[in-house]
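Both complexes below contain chain A, partnered by chain B and then by chain C.
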Partner chain A sequence: MSEAEPSYAVGDRVRILDIGKPGHVRTPTYIRHKVGTIERFCGMFENPEDKAYGRWGLPPIPLYRVQLKQDDIWPDYDGAPGDVLEIEIYDHWLAPAGETT
Partner chain B sequence: MSDHDHDHDDHAPTREDDDLELTEGEARFLALKSLLIEGGVMTADEIRARMEFNERGSPHQAARMIARAWVDPDYKARMLADTKSAAAELGIEATEAALVTIENTPERHNMVVCTLCSCYPRSLLGEPPAFYVSKAYRSRAVREPRKVLREFGVDIPDAVDIAVHDSNADLRYVIMPMRPQGTEGMSEEELAALITRDSVVGCALPVEPA
Partner chain C sequence: MVDKLTTDIGGDSAGPVPQEDRDQLFWEKQMIAAFNLLQVKGVVVTDEFRRTVEEMPADYYANSTFYGRRLDGMVRLLIEKGVIDADTIEARTREILESGTRDHV
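Let's look at the complex of A and B:
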């Protein structure tokens, strides 16, 4: 699969992966394995996982904002059922929600 | 020279000196700075000027934009669609790669955190406050936002949803608070004075008009 094109559309259900990559990655641990919905496509960005180590981070990769229900992140979440969290995730950290990690 | 008694501590520092011992980060910064200067890569003045530039932003920039948006629906639409261009319209140079404005509504309150470090829209808000950089805020804002907001004195009723925005990657966020009641007829400048730094992070509401 090419990483140069956005693979997801607004409203798609996605699972945030744990790809086991060490170093300067921008997908926090607390959100890995969680399922949410594509809120928007943010554009193409140079890969920060490469840029952090002096490389160019090219070609640019798609970045999305994913919206998750707080109840789907924290089983004991204390708040309103409509509370959500939105977070930016790069394409290669996502899979369609139907697929297993 | 005077019998004036100084026991009232007028000149006492407001906090203890914290630069007596270097942290690891400070030592590394000074070492790197020396190498850059000695190697002729940058001058000390260039490094100082960049630090000054980094600290030039102030919450007043974002406040001006939001006050304009409150009085001008067309500007508001442009700011929501393209925050960087809307900043440029007011002569504000935004150096962030991408800026996004999120609007508070009667149905949804928004707040921003960077759980990974301290990503922040510095061009529009200046340097982030200490709480924003603290591990406590960064870990708790995503886990128990309502409790954190209550500690800031903001009680969001359960009928209003809360959206937490993790500013973890390339976008930087500005929260547009709702215009308070009783501000009809106020000038843009008066409105801007109601918009505090923390209200643009989503940890406060705008100041109520007197």
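Let's look at the complex of A and C:
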């Protein structure tokens, strides 16, 4: 079983996808289609989308912390201009920001 | 587009968050201890528990409590995995309710 390699580096611009997967997923809908920046690589983790159904979730998959500007998420955001949100997203929910979903 | 999960409420309009201060009940402590032990022993994993909560009907979820969800999910997983059967838990629940507990006399 080959392990997936991290596809993104810190600072890469990424788009969070809506992969239309039913069942247990860890990517909330409010963040889908939004663009952010890779803040860090968190490590390789067993896939929770499989573990939720009694499977092992192997091979481990890359997890990243993605930083997004609050202004980019909420059109009517009225907090401080520099506010950001950081959220942990698995590799298969990300695409390079240049690519459309 | 798949339907949103029941728990996926980020960005939805909502009223104020009710705040309540109260002591933990005895059954709540016992139940959390049992759940933690099942996790340590590898019988259940957190992701499975989260999935059981997401599978609850929306109105049931809306009226549920933290400990109630934990108990429901734990029981459901134990039945699903064949660790206990539904009849046994039903009978034992009745027995406990009839005899009273530290929390409910």
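Heads up, the rule we're going with is that the second predicted complex is superposed on the first by the 98 of 101 C-alpha atoms of A that agree within 3 Å, B and C clash if a C-alpha of one lies under 4 Å from a C-alpha of the other, contacts with A are read in each partner's own complex, and residues count from 1 in each chain.
By our rule, a residue touches a chain if its C-beta (ideal position, glycine included) is under 8 Å from a C-beta of that chain, and two chains touch if they have at least 3 such contacts.
In this text, all values refer to a predicted model and were calculated from it rather than measured experimentally.
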| item | value |
| --- | --- |
| Touching partner for A:P96 - first (chain B), second (chain C), both, neither | neither |
| Touching partner for A:V84 - first (chain B), second (chain C), both, neither | first |
| First (chain B), second (chain C), both or neither touched by A:W74 | both |
| Partner chain in contact with A:D18 - chain B first, chain C second, else both or neither | second |
| Larger contact residue set on chain A - chain B or chain C | B |
| Partner chain(s) touched by A:Y30 [first = chain B, second = chain C, both, neither] | both |
| Chain B versus chain C as contact partner of A:P59, first or second or both or neither | neither |
| Chain B versus chain C as contact partner of A:P48, first or second or both or neither | both |
| Overlapping contact positions on chain A, where the chain C interface meets the chain B interface | 28, 30-31, 48, 74 |
| Touch list for chain B against partner chain A, complex | 97-98, 108, 115-116, 142-147, 158-171 |
| Touching residues (chain side chain A, partner chain B) in the complex | 26-28, 30-31, 42-43, 45, 48, 63, 65, 67, 70, 73-74, 78-80, 82-90 |
| Chain C contact footprint on chain A (complex, rising order) | 18, 20-25, 28-31, 48-49, 51-54, 57, 74 |
| Residue ranges of chain C touching chain A (in the complex, touch as defined) | 1-5, 8, 10-11, 45, 47-48, 50-51, 54, 81 |
